[in-house]
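Per-chain numbering from 1; labels A, B, C and D assigned in written order.
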Amino acid sequence: MPIAIETQFAFELPSPTDALLQFEAARIPEQTILETDTQVTPSEHVARVPAQENIGERLLVRAEGALEVSYSARVDIARAVSDLARHGAIPPHEIPGEAVEYLFDSRYCPADDFQSFAEAEFGGTSGGARIAAISDWIADHFSYVPGSSTTETGAVDSFVARQGICRDYAHVLIALARASAIPARYVACYAPGVDPPDFHAVAEVFLADPAKSAGGVWQLVDATRMACPSETVKIGVGRDAADVSFLTTFGPSTFRSSCVRVTKE
Amino acid sequence: MPIAIETQFAFELPSPTDALLQFEAARIPEQTILETDTQVTPSEHVARVPAQENIGERLLVRAEGALEVSYSARVDIARAVSDLARHGAIPPHEIPGEAVEYLFDSRYCPADDFQSFAEAEFGGTSGGARIAAISDWIADHFSYVPGSSTTETGAVDSFVARQGICRDYAHVLIALARASAIPARYVACYAPGVDPPDFHAVAEVFLADPAKSAGGVWQLVDATRMACPSETVKIGVGRDAADVSFLTTFGPSTFRSSCVRVTKE
Amino acid sequence: MPIAIETQFAFELPSPTDALLQFEAARIPEQTILETDTQVTPSEHVARVPAQENIGERLLVRAEGALEVSYSARVDIARAVSDLARHGAIPPHEIPGEAVEYLFDSRYCPADDFQSFAEAEFGGTSGGARIAAISDWIADHFSYVPGSSTTETGAVDSFVARQGICRDYAHVLIALARASAIPARYVACYAPGVDPPDFHAVAEVFLADPAKSAGGVWQLVDATRMACPSETVKIGVGRDAADVSFLTTFGPSTFRSSCVRVTKE
Amino acid sequence: MPIAIETQFAFELPSPTDALLQFEAARIPEQTILETDTQVTPSEHVARVPAQENIGERLLVRAEGALEVSYSARVDIARAVSDLARHGAIPPHEIPGEAVEYLFDSRYCPADDFQSFAEAEFGGTSGGARIAAISDWIADHFSYVPGSSTTETGAVDSFVARQGICRDYAHVLIALARASAIPARYVACYAPGVDPPDFHAVAEVFLADPAKSAGGVWQLVDATRMACPSETVKIGVGRDAADVSFLTTFGPSTFRSSCVRVTKE
């Protein structure tokens, strides 16, 4: 049952400006790109580079004036999804080198600030059970309010406001996971069921693999409860939203519009 | 002319706690470890994992009570050092994928906030010339004041206070470099000449390689002016100090003491 | 030569909400209200209370739905204006009790953070000469950019961005004055020459009175250079913009529009 | 049953510096100063000015080198104390002018950020009942941890950390009260039962007076539960700790020691 994606967005660069774009479904083993079509307003320069962790690609663009992006794809997902509670914690001293960096504080997720709260509120749990408790706590205490946050909003602000959008839910979950010594990263994605329809974001946490005696696996978690892991199309990953914005510009820009449509076929 | 390093530090963990340590000279082509000796108080668990970008290693420790680390090494440095002004900028659309992440905002370096200042103050320069101008501006406007900052201090705070220690100088330089679309990262290091003697930190920026027609090289920059690139022993790199602290603990800890001695033989 | 003011603004309260409004020219000795007319959409409750320092009045309103305010006035100004440089500093131990609170950190003006910068940059000056130097420094280093700041923006953010609107210029000047041990407050006002026309804000600093051997006087300073003290109609004063917003609501609200016209007759 | 206070504190000013001190029991109707003795190291200048709201006095000092303060007093308290739940809310449009400023955001209490949380968590309550609910919530969710906060710590930080000292408890309560449209201020005080013994701080909220048909009264609330209103000796009040620190210096200073002893006779 493939997922169909159609998205358009437009922005304006008043002078020649460099921009990074990341909006296409990543070609990774757990999801197969059946069809894909990307149209970008012709620009002075366009290059493609592998994105973080080799998940997806970024478009590096230098352009001026109106820029429009139109993208469509059909994606088949074959992702192993299992109950969070079945995943134990990986003791920090067994965490592989490449996952360690996802324990650290990042721009929007200053996890250190949350250590005492995480211990007080979720101290009796560990691993996947703790992530499930954190996700439930967020779902119970937060309201999804489009327009209530900005690109300056971080996990601390959202924790205080108890409201936000997908990005904010993911930041709070990531901060609380890292404060619990569980590696956590940010996943830009597409998913049906996101309401109102938009680019989506969820968290991914690194937990013990119940099928193996050692090593770990990344597991998707959506504290907004809008996206099922089995229907989530990954675009890219990063420390937090600073790393996987669909649009980053190195100079002034004006965002014009965006439209995202994701459906199960 | 090797660099000799001797360092001890001690801290206390009131209950069994996971900690990350990163304090050894990295084994990388540009520096040869002639001798090395690491002594750590025996702990419940100790593991070694490669650190970020495969530069150096982290010790993952689980321990309780007093922990002492004693480290000595002799290191020979063979690093290509050239005048910053000889390095042009790499247009963002030509930046290789693995350097792109060093353009993004991180915990202590919210570069986006500095875009308008960077353009206003350094707008006429680019590449290595801009980095030299930024480094000069920091050196001219900042005072090196041990004790004036904490682990919560970020580039914005330091920019306002106009004072700090090596870590703060590096954060401001990194933020201003990224705000100029130049990839920049944080380098924990040892260097003779650091006064008062301590762990040191500098920035590293990604610029065009004057010896080649394409691609780039990382160049060390120390806005404190205390460390020469040719005498700087790298421990590790990261987005900012959040990634390469010599000590990160996942729970309460008390820092007892540290002593660092770095000499040219 | 009276100043004529015409202003309208409209906002919407989705549910019954308390709001504070402060937008009328203050009746104080230094300015005479020749004519005045205030129209507010009839509301559940409206009360008037004296505003801070008895300068101006606030309207306390409880209302729901669309609210429109229409205000016009003609004001004659008779304010003693003198060259800042003629005003010496009042030693802090001679500052009268009622001015002391304007030395303290406030929501948008955390002056303490600016002490080292203020001393490094303006250390050779004091009193009115220092205020003039601060005002010149801001005028030289900042750009007036409507839309570049929000209600969350404080003096630290503006100092880093080096841009903002009148409110931001005033906040930075106030923070730097207080960091110099000079009492400083925020003045909401109307002034001709504000471009684009809008509600305006300037700072007011407490300095020695050159005409007297003791005591001090409040002096207006506009680092944006758009308003002359002799043509500035005061609405109210406070620690910073948190105290004298023309509209503060205790619940969600949507701002619809505003229009301000100020002319010299 | 008088309260006996003995306090000493010492600090050092490396160069001639202005400082504000506020540490004496206020002479106000609700508390009678039976005996008092203040000793301060002779300084270049010392002046006394009335403190905020005419509650207590500040010492304005200009001094250099070591400064020691020694203070003792016996105070009789005759404060009307009543159950919070008996106090209704004063509708914002009936709040008297002099209390309105305690609705606004201040340095450490950015109340606006807490509006959505306050409404979600305490939405069913109002007036004294809401304050009691807020105080209970803080007491239930926070840990009193000496050393866990600094002078930079504000209500947002404390709300995230869920720990702090008296100052932090007061800031969170004040922020949540203001977010509920209830005027709230910070009270520096002495109280027996504070553990470890130290300067203390509580909040004061403005509620309807159950004994009268109109007007309001300020009521003390201590979310740490360590001080009874009937045994609390007020030093001074302000928007938050920025206004009533026992020591504020306008330049570098080193705090040496403090010792506070408060007993019921």
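Note that in this section a residue touches a chain if its C-beta (ideal position, glycine included) is under 8 Å from a C-beta of that chain, and two chains touch if they have at least 3 such contacts.
Please read all numbers here as calculations on a predicted model, not as lab measurements.
Chains making contact with chain A as well as with chain C: B, D. Fitting chain B to chain C on Cα positions gives a rotation angle of 180°, stated in steps of 5. Annotation: the chain A:chain D pair of sequence copies touches via predominantly the same residues, more than half of the used numbers being shared. If you average the Cα atoms of chain A and of chain D, the two centres end up 43 Å apart. If you average the CA atoms of chain C and of chain D, the two centres end up 28 Å from each other. Multi-chain contact residues of chain D (touching two or more other chains) are absent.
Contacts from chain A toward chain B in the complex involve residues 18, 20, 45-47, 49-52, 58, 60-62, 91-98, 100-101, 103-107, 110, 112, 115, 119, 151, 181, 238-239, 242-243, 248, 250-251. If you check the complex, the residues on chain B that touch chain C are 113-114, 116-117, 120-121, 141, 143, 145, 148, 156-157, 159-163.
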